[in-house]
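Heads up, the next two complexes both have subunit A, just with different partners, subunit B and then subunit C.
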Partner chain A sequence: MPASEAVATQSKLGKQTEGKQKVIVVTLKKLLKNRLAVFGLFIIFIQILMAVFAPWITHYSPVTQSLVNSELPVGSENHWLGTDNYGRDMWSRIVFGARISLVVGLVSVILGLTGGIALGLISGYFRKLDGWIMRFVDLLFAFPGILLAMLIIAMLGTSLVNVMIAISIWSIPTCARIVRGSVLSVKKQEYIVAMKSLGAGNSRILIKHILPNCMAPIIVFATMRMATAILSTSALSFLGLGAQPPTPEWGAMIAAGQDYMWTSPHMTIVPGIAIMLVVFAFNVLGDGLRDALDPNMDLG
Partner chain B sequence: MAELLLDVNNLVTKFKTADGKLSAVRGVSFSVNKGETVCIVGESGCGKSITSLSIMNLLPNNGEISEGSVRFLGQELTKMRQDELRKLRGNKMAMIFQEPMTALNPVFTVGFQIREPLKIHKRLSQREAHRKGIELLKQVGIPYPEKRMSQYSHELSGGMRQRVMIAIALACRPSLLIADEPTTALDVTIQAQILDLIDDLKEELGMGVIMVTHDMGVVAEVADRVMVMYAGEKIEEADVESLFSNPQHPYTKGLLKSVPNVDDRNHQLEAIPGTLPNLNEVITGCRFHNRCEFATEKCRTQSPKTFTVNDEHTVRCWLQEVEQHDESAATASSNQ
Partner chain C sequence: MVGLIIRRMLQLVVLLIGISFIVFMSMHLSPGDPASIIGGPTATESDIEAIRNNLGLNDPVLVQYANYMTGVVQGDLGFSYQTKQSVSEAIITRFPNTLNLAIASMIVAVVIGVTAGIISALKQNSWIDVSSTVVSLAGISIPNFWLGTVLILVFSVGLQWLPVGGLSEPFWTIEGMKQLILPAITLGTGSAAMIARMSRSTMLEVIRADFVRTARAKGVKEKTVIWVHALRNAMIPVITVIGLNFGFLLGGTIITEQVFAINGVGRLMIEAIAARDFPMVQGSVLLVAALFVLVNLIVDLIYSVIDPRISYD
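After this line comes the complex of A and B, so read on.
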């Protein structure tokens, strides 16, 4: 008897996860119909592969100098993307740079989302705190984004970790606004009043019932923000505020290549293309997700 | 004497608005016994829903109970702390909402939502709650309950959703069920089924039920006692037979006349002229006087007191004074 019961509950649980999966499957199907989004997904997938398997797909260290081989052009023997002014293999540097930009992007977006979601949920739900939190957010908004990041780095010092902190703080106000807006509309819904009438407490309602209803805009925001975060990391590194040489960061690579613009243009163009492709990929994926998650959008 | 479940005394609910504090409910008193269905009737905006939300203490942020008492199972609810109230809500008293379309969370399965009250109040494990959920769905007459547990609300029909709402509300076997127009959004055949269901479950669980409605047909079907509200005040209260056979207040009479009669071909629907006054209108005297065809000078200046028609039947209308005066005069003269 117990065995058959276990099987029964197992099949029940199986059905439950099936129900959960359905939403994801529907969204994915819609997403896969969007060609640009699929292209974005493909690029991001490649970047992830590059980041994960970096040591296995490169023959040279990204930082070891080899002055004999300096400034080899694209398509050279053993260095298909060429080398830079110190003779470092460009392919190795791009691959390891993918690692850095992905990690910095992810960490800063996750940090920013955590802060933004917490502030947004609280200010949307508790009227008394709303004014205070939103004025604080306005204060953050008052600084132009990159300036705010530079200010924070100026205070904390130049390093990649500080870049992540700076970019995550920069993400907080926008995220808080987006979440607050969704909370305001969701908390008026009858099912939230119904949950209250069942005796659920504030934290339960907020985290278990309101937050999942706000996920769609948060997911889209997170994807778009990845693009901004990667671009800003490169921008800050280009200005010398982020990754320090010899770290193979794309923005820093462009900065280093500037002086060789006329003799070895690939030193700036290759990392430039890498940044462009990844930022483009995250942006179109974000667009695709927005369309796929919007129930009012019929893609046919 | 039946056991007293809920006793509302002189309840006043006010809303803070740009025009100052406005009263939506003005001194309403009533009681509900165990196993009894009390209907609150009145047109839209007369304070029915606010009365029921006041009992649950679920008023919108700008609303507050400013006077009166709500005693439930001997406990005073208006002075209770939020966390104590939460233990009662969904456990001892539960509510069903008007729109089954919006009262279920669209991002969760039916199973998730039915497990929630069981987890909150009964501290059941996932598996126990799941089993209990299936049982509850079966009880409210939902076919294939195992399958429904993993479905989302958009996959169910309106009647089915309302059954799910009822199952969720009844999950912890409450002693009081407040149903805020539970059938308004449903078509007529489903309406009858849902009303029967609530009635059966009431018998089974010995609940008290407060049914908020504007449909006199529903009242006739389910009510034991009826309370008629107008512009935030209780204007008439009676047992259901007495109210239908012998309505006293002109507003109640108007409500009964505005129900279509299918048996009588020549039946003319009579609407009550005018509309409900705004919350910020200052009205002296009876709040119904400017829509009442029998209004006298007294009605315009003095607020009517409560007259007793019989043990179960009270009404707030100055016309009673005249009638009761006439009656006593008549009995006096016949005695002579």
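After this line comes the complex of A and C, so read on.
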């Protein structure tokens, strides 16, 4: 490649990166103007801090029992959020619970996205496979809400790991549909036709050129899905199908607190508020991201 | 229209076969041998083998599926490993409770959701609109099992206005209605929030449409413009959301039934999953999924009737 051409290509690449950075800056600016989204970001930031620094910001183990201190109310000395029926510190359990909910949410969303993106890309790009994949996706859509996750847990057995698998499989159909929709609109564009005529392979076109242009709806979906994943994990644990005692999982904590509702309502109320705040945060952030990226985005 | 209904019914049959196959296979692939579950810990090897032969568990999987489906078509969903009761009977006795709960929650969701959505849209950016938007976002984020528990704590334990749980009385009696109020609010809140958001955005779109401006320019009264011209058009997408939500409410009853100790299909399913009672899980999942696709089909058909612009041909 002659030197002048190399310089031209380099400056072109530079411009592309500059363009991408500009998009990110504009989106961030729009997002930061949305007060609810900023609130969401703040709550998520706190949750991440709690999850990362859990052992350093708590004085007690979340699972060690101390029956002398059982059912202490909120505001007690040494236990500002009180203790549960086994005398375990509620603050420690909430903080370690933040870690569980974040990890379960992230893992199940990442797994679900991987499956959904792969199916969506293939389905949207290869017309021959489209019909088959979309019929399979329709079939998964026939299970309302949490039912598909429950069927998978019925099959695999009850545990937190199986909850992650179940929630990720449950995320696949929606993600696949969103990605397929974006692929269908992107692949008709001239630069893709140009890539093909230049002899680029299908996988190169799909991963390097189509996928980056489908990222906006994927980012919004992933954020909102974090909310669903955290809510569903706690629901399944509440039903006894997810985390098992003594794991400090928020949903399981509410289930345990139910029996002590009359004497120690904080055992139920505190983890409920934690779930609600985090789920609310991911929902408003998702909403804010959608408005910042493209308000007319079709999320299936 | 008739052609459309027939075509959709045929698609429905294919979908139902697909669903039943997925449900059957997931139960079939589950670890654990049904014959040893039925035989219990004292069963000998030959007892278990006899049970296997008796249930046809030694047949190839597709034969087992075909036998199961032959039963399903005739209303026979097999029998429970745990209670030895007929699955169809167990479901039939519990299904009315689930349906009552789903319908009551739907009423709560539609009344609150549509009203809040329309008021928000008509008073856009007012404090009513802002608070309704925040409340709907919170409504989507509240874990309904927690909301149910808190409602019990306040209205049943604290104020003692409503019963703690159960659904023992028929819904048309005062006692029955009292029993339904808290579970219906618990289950309906999430859907109410979704319906409110949808109603708000479609209403906002419609009141800015040309035909509404024309109606106003003609001198039509504001009330007529809103209630006759705008609302009718704004409700079309909302009906889809309502229909879809009914299916989700059927799924959501699982959790609410557990919180309020209601003997419905959802609770049956959870108990069955915990006991690894596969025929019971299979039967109840199949029923809920089949109802869900049926409701979706009805919503689609209603949609094409109320909006002549939509055609599936």
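In the analysis below, the second predicted complex is superposed on the first by the 274 of 300 C-alpha atoms of A that agree within 3 Å, B and C clash if a C-alpha of one lies under 4 Å from a C-alpha of the other, contacts with A are read in each partner's own complex, and residues count from 1 in each chain.
The rule is simple: a residue touches a chain if its C-beta (ideal position, glycine included) is under 8 Å from a C-beta of that chain, and two chains touch if they have at least 3 such contacts.
Here the structure is a predicted model, which is why all the values come from computation and not from measurement.
Trainee: Touching A:W262 in the superposition: subunit B (first), subunit C (second), both, neither?
Mentor: The answer is second: A:W262 touches subunit C but not subunit B.
Trainee: Please work out whether A:V52 is in contact with subunit B alone, subunit C alone, both, or neither, and reply first, second, both or neither.
Mentor: neither
Trainee: Answer with first, second, both or neither: which of subunit B and subunit C does A:S197 touch in the superposed model?
Mentor: Once the two structures are laid over each other on A, A:S197 reaches subunit B alone.
Trainee: If you stack the two complexes on chain A, which partner ends up touching A:V161: first (subunit B), second (subunit C), both, or neither?
Mentor: In the superposition, A:V161 touches no partner, neither subunit B nor subunit C.
Trainee: Hey, is it subunit B or subunit C that touches more of subunit A?
Mentor: Ranking subunit B and subunit C by residues of subunit A touched puts C first.
Trainee: Just subunit B (first), just subunit C (second), both, or neither: which does A:P212 touch?
Mentor: first
Trainee: In the complex, go through subunit C and note every residue touching subunit A.
Mentor: Going through subunit C, the ones touching subunit A are 15, 18-19, 22-23, 26-27, 29-31, 134, 137-138, 140-146, 149-150, 152-153, 157, 247-248, 250-252, 254-255, 258, 269-270, 272-274, 276, 278, 281, 285, 288-289, 292-293.
Trainee: Across the complex, what residues on subunit A touch subunit C?
Mentor: For subunit A paired with subunit C, touching residues are 36, 135, 138-139, 142-147, 150-158, 227, 231, 234-235, 238-241, 251, 254-255, 257-258, 261-262, 265, 268-269, 271-272, 275-276, 279-280, 283-284, 287.
Trainee: Could you please specify the touching residues of subunit B with respect to subunit A in the complex?
Mentor: Residues 56, 58, 61, 83, 86-91, 94-95, 97-99, 102-109, 111, 116-117, 120-121, 127, 130, 146-147, 149-152, 165, 168-169, 171 of subunit B touch subunit A in their complex.
Trainee: Which stretch or stretches of subunit A touch subunit B in the complex?
Mentor: 9, 12, 15-16, 18-20, 22-23, 127, 189-191, 193-201, 204, 209, 212-213, 215
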